[in-house]
Amino acid sequence: MFKEHTLNTTEIIDLIQKNTQIEVKASENSYDASIIVEPKDVLPVMKFLKLSRDLSFKVLSSHTAVHDGEDFKLFWNLLSYEHNLETTIESSVPVVSPQIQSVCKVWKAADWLERESYDLFGIQYIDHPDLRRIMLPEDWIGFPLRKDYQSPEGYQDIENSRSEIDKRFKP
Amino acid sequence: MTSELKTEHITINMGPQHPSTHGVIRFVIKTDGEIIHECDPDVGYLHRGIEKIAESVTWQGFVPFTDRVDYLASMNANWAYCMAVEEMLGTEVPERAEYIRVIAGELNRISSHLVAIGAADMDMGAITPFVQLLREREYINDLLEMICGARLTYNYYSIGGVNYDLPEGFSIKVMGFLDHFEVAVEQMHRLVTYNQIFINRFANVAAVSPEMAMDYNFVGPNLRGSGVKYDVRRNKPYSIYDKLDFEIPIGTASVGTLGDCYDRYFVRVEEIRESVKILRQCLQQIPEGEIQAKVKNAIKPPVGHKYIRTETPRGDTGYFIYSDGKTSPSRLKIRTGSFTGMSIIPELARNIFIADLVAVIGSLDIVAPELDR
Amino acid sequence: MNAYFNNIKNGIQTVFEGMSISLASFFVHPITIQYPEDDISSAEKLKETYKGQLGPMPENYRGILDVDLSICTACQLCVKACPIDCIVIDAVKCDKSKVQGTKSEKPAVKTRTCTRFDIHMGKCMFCALCTLACPTGAIVHTKVFEMNKYQLQDLVLSFVSEEEKEKAIKRDSELKVEAAAEKAAKAAKEAEKTEEEK
Amino acid sequence: MNLLTDTLGMTEFWANVVIMLIVCTIVFAVFALMSGITSWAERRIAGRMQSRYGCNRVGPQGILQFVADAVKLILKEDLIPDGADRFLYKITPYLCLMGVLATLVVLPLGSRAMMVADLNVGVLYFISITSIVVIGILMAGWSSNNKWSLLGGMRSAAQIVSYEIPVAMSLLTPILIAGSLSVGDLLDSQGWLPWEWTAFQTPFSALAFFVFFIGSLAEGNRTPFDLPEAESELVSGFNTEYSGFRFAVFFMAEYGNVFLIGLSTTALFLGGPNLPGFLQGNPFLSVAVMMLKTIFIMFVVIWLRWTLPRFRIDQLMDLSWKYLLPCALIAFFGQSVFMLVAHQIPAITQITSIVVFIVFLLIMIKFIGRIRTNYKEQSIPVGLN
């Protein structure tokens, strides 16, 4: 079931560019090699990655965002059990208007992963079937995993303050 | 029944406090009598913001928090995180430490599967096997307590090795325990796993096809229950797993359809047997030597991102770490098996009985803190 | 039809097998430790009652924390290692052996003394990172695990008493005065020297 | 009776009333005590089957635990949920208890003379009166204004109504043997030796015994048929909302049901209080024999509970309609044919019963062998210390 030779990132990039005519490039990163895709091209590239015979990335292992300066970097970690392949797709959207195409149609696993990053980062996924908060309550204000997030004074009746003992313990 | 008879769906809250939701999870179910029409899982009751905490603690200081991600398999969670940081730093872990890690991790895998199996049994109303299996787990807790001093949240693995060496006579004790354990667990299977009532409850319920399993990113025993032979330990070997001889059990549809609850359950049963095999090999092969590589006190991995996957009891757990070269991670994302397993529930819980929903949750082995993090 | 009879046969067989197992476990000795009555501190006693079914309390058991102040160097490594900041150390410079008397067999390593060493056990998560970080082994996990208190603030353990704190501060100021005096003397000497040279 | 009419100068009517009250009190006291002790026994047995002790704090071996529980429950506040049907909610527990208690009228605590009333349609009465419990449980589920309770009540209704049928059908076999509907006659038709009991008379009566036992487990809402209160699915089913004394009454009815299963199985199938000829009529011995058998059956019921997983509602119905009902019918027709044959060749009755009993003994010997091996397997040392 598993092939000996596994494709590396440059080969995958070649395949993408040959078949979809979309400009993608490899990222310079000290650890995982990743493929940088423009936000508007994410959906077609993903579709190709899943449906291509040579790659068949049928599994979306993880999807998350990183708040890095002015941008949200988005990462999709894809797996192909058939070819024992692993790759990372990277894209970035500006913090001021974080909008990107949802990949729910490609992988159903994206549903909850996108809901989570909507919940915690406030990234808007276009065409997501059910985009609402998942971890936090519906009436929560703000997106906690953004770097500029200030924890609220309280939520409903619950006050968010340090106890007297804590204050005495560590002023 | 005539078609004019007007019926109404009942909306029921299953949870957050419910005996079979395995923690604080809420399911809003719409039922027509006993048959579920719609099920909407509402998660997040145990969201503790561990990913946010990671942004404010040191790289080493985050290890105890990984314990709390999945309290049933703290060792494996430690392992995944430590491995990710080691790969980022390029640290070589000493061989003895790797063996110890495998021993502790597999013991922990057994104990986690025991709870998974036992809880599934208890959801089906068989309470005795649950308690008996927890008794076996208690022995494992005793063993793990011997090596690290804690029973649940171990914090045993450190970046670059393990914190303590094995105590004297540990392998003899583990061997003695395994001799007892294999027989005792086999007996519990005769008590419940092979029981016809139990099989009827689990077989043919909520079958997940291999395609669907991959689409929903099922991992670990759930994925293998659907017949996909993928195990990170074998397909992307880490640590010393490439030196060890063990099988990857997959669902065989022995009593029902492929990927039904019984298959998922039975893969765990088989995995316990494989873990026992691994443990015996490790205890025979374990070399002498160092247990901790030299790691600086204040580590600052260079800028970049790393995604690492390890096979924990609840499947392939992914740690995505983004470092900006500071003393704490800039972003740490934990993608857990329960999370992806849970997202399939709205699809599976259609036109099944309420009692089947309990079976589905039990067979998916969902741990609420891991789901919410 | 075959399935029908198979179902009956398997049903009866497995139910009987199950019943034989549960009755067998009926005769096995329970493994419950009736905690306050059963002595769990000694391995021998446990062995007697439970015939090897229970492991003894291990040597590196992680109970509540204890600090041996006589060998503590107030280096703050445990404070830095603690991921939840439940340790607070204030220290002053002074020679320790004089403040604490000569009880300790080991000599004071450095001339720093804690004026406050507090651990909030209510927050502590027993991760042992502080004990691993400690270079002298001053902070250790004990085998004590019972710590019921009526109030949350009682869970804050203070290892330095008020007296010791005052002593240390006093000694510190004394030392400061001495040092200042020494300095002054030195300065005076040097001034003399320079004057002489002149 | 004479004592009351002569010395106290009562009319016969009032004397009857007084005697009835006394008998009822005795039966109720025995019933309450038995259900209390059963709840204690269940917890102890469950404990030992799960490698723990069970309740052993109150009194010697924890025997007084049920008293403590009762006191606690009585002292608790009796909560009635908002929106509940107050009247139905209040009377329901007593209806349940009544259904269980009324059954005791036709079941002997000792010999035939020790029945409250030896009705000539005793078996019919027994079958019909046990159905009252359904109404109680259904009403409890409905009046609590709780969806889980409602589901529990509905399950219970479906379950008990469908298990009535195989139970009633299976009782036809002993009725055929005795040729009477009176429980007293049923007792008399059985001897004191095991192969003279109805259960081992013929293969068909053994089958009927089997069906009756399973059916009565289902009617008593015991595992593996405890769907109305399935704690992992319906939290606690029909009695979720009940607290305080009303819950205690439900509790008593539940454990009383276990007692009832034991009592009815013993009386109808396991030879009741019958003793060898020269001891016949000894009241103490007959009570002892009756109770011994009842307690054994109760132990089996508890033992089953801590062994088996629970059925699903559709499988429960399958078991009733597809498995038990055909079995009961086969038992009935088989017994009829057998009795026709036995009418021609009288010796066959004796031989069959002994053969059936020997087969039963062989099964038991194998079973005990399994218990021994399993015990040995469980005793393998762990060697942690």
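By letter and in written order, the chains are A, B, C and D; residue numbering begins at 1 in each of them.
The working rule: a residue touches a chain if its C-beta (ideal position, glycine included) is under 8 Å from a C-beta of that chain, and two chains touch if they have at least 3 such contacts.
Just so it is clear, the structure is predicted and the values come from calculations on it, not from any experiment.
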Least step count from chain B to chain C, where 1 means the two chains touch: 1
By mean Cα position, the chain sitting nearest the middle: B
Chain located farthest away, centre of chain B as origin (C-alpha): D
Centre distance in Å when chain C and chain D are each reduced to the mean of their C-alpha atoms: 58
Distance between the centres, which are taken as Cα means, of chain C and chain A, whole angstrom: 41
Cα-centroid distance, chain A relative to chain D, in whole angstrom: 61
Separation of chain A from chain B, taking each centre as the mean of its C-alpha atoms, in whole Å: 23
Touching two or more other chains - residues of chain B: 128, 132, 135, 139, 142-143, 173, 187, 191-192, 195, 197
Sequence positions of chain C contacting 2 or more other chains: 15, 17-18, 21-22, 25, 31, 53-55
Multi-chain contact sites of chain D, meaning residues that touch two or more partners: 49-52, 306-308, 374, 377-378, 381-384
Chains touching one another, given as label pairs in label order: A-B, A-C, B-C, B-D, C-D
In the complex with chain D, residue positions of chain B that touch it: 10, 12, 18-20, 33-34, 121-128, 131-132, 135, 139, 142-143, 172-173, 176-177, 179-180, 183-184, 187, 191-192, 195, 197-198, 200-201, 353-356, 358
Residues of chain D touching chain C in the complex: 45, 47-53, 303-304, 306-308, 322-323, 367, 370-372, 374-375, 377-379, 381-385
Contacting residues of chain A [partner chain B, same complex]: 1-2, 29-32, 34, 58-62, 64-68, 73, 75, 77, 81, 84, 86, 88, 107-109, 111-113, 116, 120, 133-137, 144-145
For the chain C and chain A complex, residues of the former touching the latter: 85, 88, 118, 120, 122, 152-153, 156
Footprint of chain D on chain C - complex, ascending: 4, 8, 15-28, 30-32, 34, 43, 46-47, 50-56
